[in-house]
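Same chain, two partners: chain A is paired with chain B first, then with chain C.
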Partner chain A sequence: MTFRPIAIFEYIGARFTTLLEELGGIFSTFLQSAGLLFVPPFRMRLFLKQMEFVGVESSFIVLLTGAFTGMVFALQTSYAFRLFGAENLIGPSVALSLARELGPVLTGLMVTGRVGSAMAAELGTMKVTEQIDALYTMSINPVQYLITPRVLSSIIMLPMLTILFDFIGIIGSYFMAVFLLGLNGNRFISDTIYMVDLKDIYIGLLKAAVFGAIIAVVGCYKGYFAEKGAEGVGKAATQAVVISSVSILIADYFLTALLF
Partner chain B sequence: MQIDIKGLKKSFGTNSVLNGIDLTIEDGKTTVIVGQTGCGKSVLIKHIIGLLRPDAGQIIVNGADITKLKRKEFGGILKNFGVLFQNSALFDSMTVGENVAFPLREHTGLSPTKIMDVVREKLAIVGLKGVEQLYPAELSGGMKKRVGLARAIALDPQVLIFDEPTTGLDPVMSDTIDNLIMNTQKHLGVTSIVISHDIPGTFKIARWIAMLYKGKVVLYGSPDDFRNTQDPIVRQFLERRAEGPLQVEA
Partner chain C sequence: MNKGISTNARVGIFVAVVLLLLFWITFKISSGTIFGRIQGYTLTAEFDNAQGLNTKTGVFIAGIKVGYVEDIKLADDKALVTLRIIPGVKIEDNAKAVIRTKGLLGEKYIEIVPGKQQAAALKPGEQIIFTESPPDLEELMNKLNGIASDVKSVTQSLNDVFGGSKGEKNMRGMFDNLNRTITHMDRLITSTNKNLNRTFDSVNTFAQALKEQGPDILTNLAQISGELHAIIAENKQSVNRTMENINQASERLDKTLANLEVITGNLKEGKGAIGKLLSDKKTEQQVTKAISGLSSMVGGTSRFRTIISYRGEYQFAYHNVKSYLDLRLQPTWDKYYLLGIVDDPGGYSSTSTTYTTVKNVNTGTVQQTETVNNNISNQLKINAEIAKRISYFTFRGGVIESSGGIGVDINAPNDKAQLSVEMFNFNEKPYPELKAMLSISILRYFLLSGGMTDIANRDVRTWFMGVGLKFDDQDLKSIFGLAASTTYVNTK
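Up next is the complex of A and B:
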């Protein structure tokens, strides 16, 4: 086989076109589902069900990861701050990092693993077993019935979960700092409150809402366009997690650069 | 509802699947569409229910060309259609009762108790009783088909579409489903379109048969026309021989 230098460009071009198609598909799924939010019928039950699935059922893993993140963060920062006697900064630095970065990002990544993959698998199975076609033939808009509630619920519930993560993370670091490192508890609290602005928390929650939209839209998009049976469903679930996780980290950078 | 299909063409990339289909589905009768796998039967059905748009041609229902309708306008047409999918396509997160009730809940203002009455009535038509609380995963293939049919007739459609209703069922269950299709057709007076590979079943239930080959109708006629035809393509298909003008695509 002769070497064709042009093949490299063909390959890059083809990959780039696929990427653009994918991004376009994801974005148009988002626009469609958002637009259909304002069109009757409004199916409250579906929203509540998804909120339970995305929010309530994720709260345990969020609590667990939040507590340990706060604890390990306090432990790590204590090594550094002790060097120059600034242990009183442990509380504020943990709280600030949780509110601005770790809370929304880690919650987003945890929920991606649990919810994004489940959405892709569920919609993918419905797609390959013709359940989505069945919805359509009963003159029900499948995007409105399946995707809109998932996207809205995720946008609402991700900030809620982030609040939980921030809160339990700070409590974890408090326990670490006060009971294991022997800092003054009142000082820890007053320093933290003094150093952390409400704005830090709000922007973290705004990020979480964006991550919620990414998780649900990517998961639903991947499932909705799944093909080729069980293998396709598995692939959709994996890709949903990979694409959402990477997108969350990229979006986090731009949101931080723009908002703070 | 009479459906007139005129010069319907559709290709996917370079693969042309429908090459000018002309076919009339007679009102209130059962028309069976037969042909090899990949001859365009399912694609044709997807055009009739608006899941696909043709490259050329018309589908005329009640005097209007439905291929020109916008997606939103199609909703109204679809309420007259009931579809039984090949794998029944029951919603597996819902019970049997909820599946059959689903179109009623979405499209009628009936009270929950009235809906349950209709659900029981439709399940009785397909010969099922006391299964409302079961989930689709707990049903056999034949029962799923029945539930799928009950859901398809929930809104009393004028047209019923069956996509390979007996594929994957044993001969006895196949015949039971064929009887069910005939009874439903008689009972409700609907126009039925059946896609099938099952030759004995086709002769049993069809008023009209259309055979597709390479995206065209090679023969349209009554079961007797099919029994007496000398067309080599049709003969080979009916006699289920591997040798002849029909070739299996490699």
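Up next is the complex of A and C:
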């Protein structure tokens, strides 16, 4: 084999077109599912089932991570603030960072691991076992039947999980500060309320909604277009997690820059 | 489903719980606002410098949060701050809004300091007139800079005094003086030492002489005592006779005494002329009266008040000091005699004329020149006056500054101040010397005086200011007593 310098560019070009293809596919999937939301028939049962799967069943893992995140954050900031006697800022700094960044992002990542991969695997298996083709033959729009409920329920449920995350995180930091670091509890609460604005929380929830859409759309897209075989299903699940995690972090940056 | 709860219920419960949480958090954070509708009323305040203020910065009264900063705007180079105050809190129109700093990190807040008097409460939308902005750090630094430069200029001037070639010269001069003084003292001590040495030397010589001639003196003494012994032995007879005579004399004395005893006994009983006189009551009264009269006389003398005073008067026209030393003897409060000497630097003026005769050798003519010298010299003068006091006025007359004169003193009720006018020296000058003086006594011993002398003679009159010392006989006693005791110690 002779080395052709043009091969490098061929490789880069191929990767780039694949990336654009992927992005286009993801975006078109989102648009399709969003458009089909307003087209009957409306399947409430499927929608509720997805809400249960994405929201209710994720609440435990979100509460667990939220509580420990708040606690460790309080502990870490206390080291820094103790240095110049600004311990009253522990509460506000934990609450602000939870509401603005950590709540939505960590919730999104947790849900990606749990829900995004499941969606890709589920849809991938349906694709491989030609259940999607079967739906098509039954004149059921597979996108409307499978993807729309998942995307909508994720968009609704992610902010709710974020509220849980914020709340439990602040409670965790409160326990840390008051019972382990010996700060005044009333002072902690009043300073936190004083420093945190409603805007901080609502923008965090808006971010969470965007992350929900990313998780569901990427998971469904990867599963829907999975390649043949069990290997294709596994690959789809892995790629769904990787792509949506990276997308969440990148989107978080742009959303922060745009909204704050 | 497997727990007997439907999917619907589970999702419903989840959503309800989360929405409740969201509602609670929202309510907590936006305390004072209900569903976005803001509670409370607004007030405005204008600050020169609103640095560090933010929306949501707290507004406090007596450390209690009563509101927050809602808006900060620029209005005519000043910061117009809108404050949102929670309902029910009244802020009076004499209250003052002060920007203060909380904590080490310089977090700012607004403190409302209520006015001292009761005043009308501000209505919503009104302005708090009195405000105080935080001191600008830059400004403070500038002030400190100013102080530092002041300090620097002070040290600079100190440096100019002590440092530099001039300062060095001054210092060197000072040290030279010191050195010279020490040298003088050293020399003095050395010379004294020499005298002492000489004294010791003489004592030494005397002792030496005594040592050398001591044995001779002793033998002389032994000779004398031996001779004395011989004389006594020779005159033993006559000594005995003398003793006998003495014995007879004493016997006679004894008899005399017995007689005397008889006489005194008679006297005691009033026998004889003398006895009658002595035992008479009238005599006794007369004698007592005589003695008491004597004692009152003596006592009166001892009650004489003696006042010694010294006074120096600085005469502005001549730049010299005229001194008075007076002794005042005051037998009663309204009468005194004054004796004094006056040292007058311009007291004696004389005119001397010098004639110089020069003989010209060439021409043979004699030329005579006349030089007139006006000399003013120091003169001691005498004061001797008698004074009589009638209520606040004291009239005195006699010899004033070695010439006849009269004077009058007007005393203030407490005798602390005295205005005196005196006239003397009626002959020498066109007009008699007239002197007016106001004197005030301070702290019992000191006198301050001022006035004008020789008022009538325009050419020579002058203003003067004086200070003086005044001692009572009581003070003098204590002073001399102290002096005596010190002398005693010294001689011992």
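Note that in this section the second predicted complex is superposed on the first by the 259 of 260 C-alpha atoms of A that agree within 3 Å, B and C clash if a C-alpha of one lies under 4 Å from a C-alpha of the other, contacts with A are read in each partner's own complex, and residues count from 1 in each chain.
The rule is simple: a contact is a pair of C-beta atoms (placed from the backbone, for glycine too) under 8 Å apart; a residue touches a chain by one contact, two chains touch by 3 or more.
Just so you know, these numbers come straight off a predicted model, no measurement behind them.
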Could you tell me if A:232 is touching chain B, chain C, both of them or neither one (first, second, both, neither)? neither
Chain B or chain C: which reaches more residues on chain A? C
Per the contact definition in the header, classify A:108: touching chain B only (first), chain C only (second), both, or neither. neither
May I ask you to decide whether A:194 touches chain B, chain C, both, or neither, giving the answer as first, second, both or neither? second
For A:133, decide between first (touching chain B), second (touching chain C), both and neither. first
Examine A:204 and indicate which partner it touches, taking first as chain B and second as chain C; both and neither are also allowed. neither
Using the superposition on A, tell me which residues of chain A are in contact with chain B and, in the other complex, with chain C. none
Can you tell me which positions in chain B touch chain A when the two form their complex? 49, 51, 74-76, 78-79, 81-83, 85-87, 89-92, 102-103, 106-107
Please name which positions on chain A make contact with chain C in the complex. 45, 48-49, 51-52, 55-56, 59, 84-86, 88, 160-161, 163-164, 166-167, 193-194, 196-198, 201
So in the complex, which bits of chain A are touching chain B? 41, 125-126, 129-131, 133-134, 136-140
Residue set of chain C touching chain A in the complex reads 7-8, 10-11, 13-15, 18-19, 21-22, 25-26, 28-31, 56, 58, 103-105
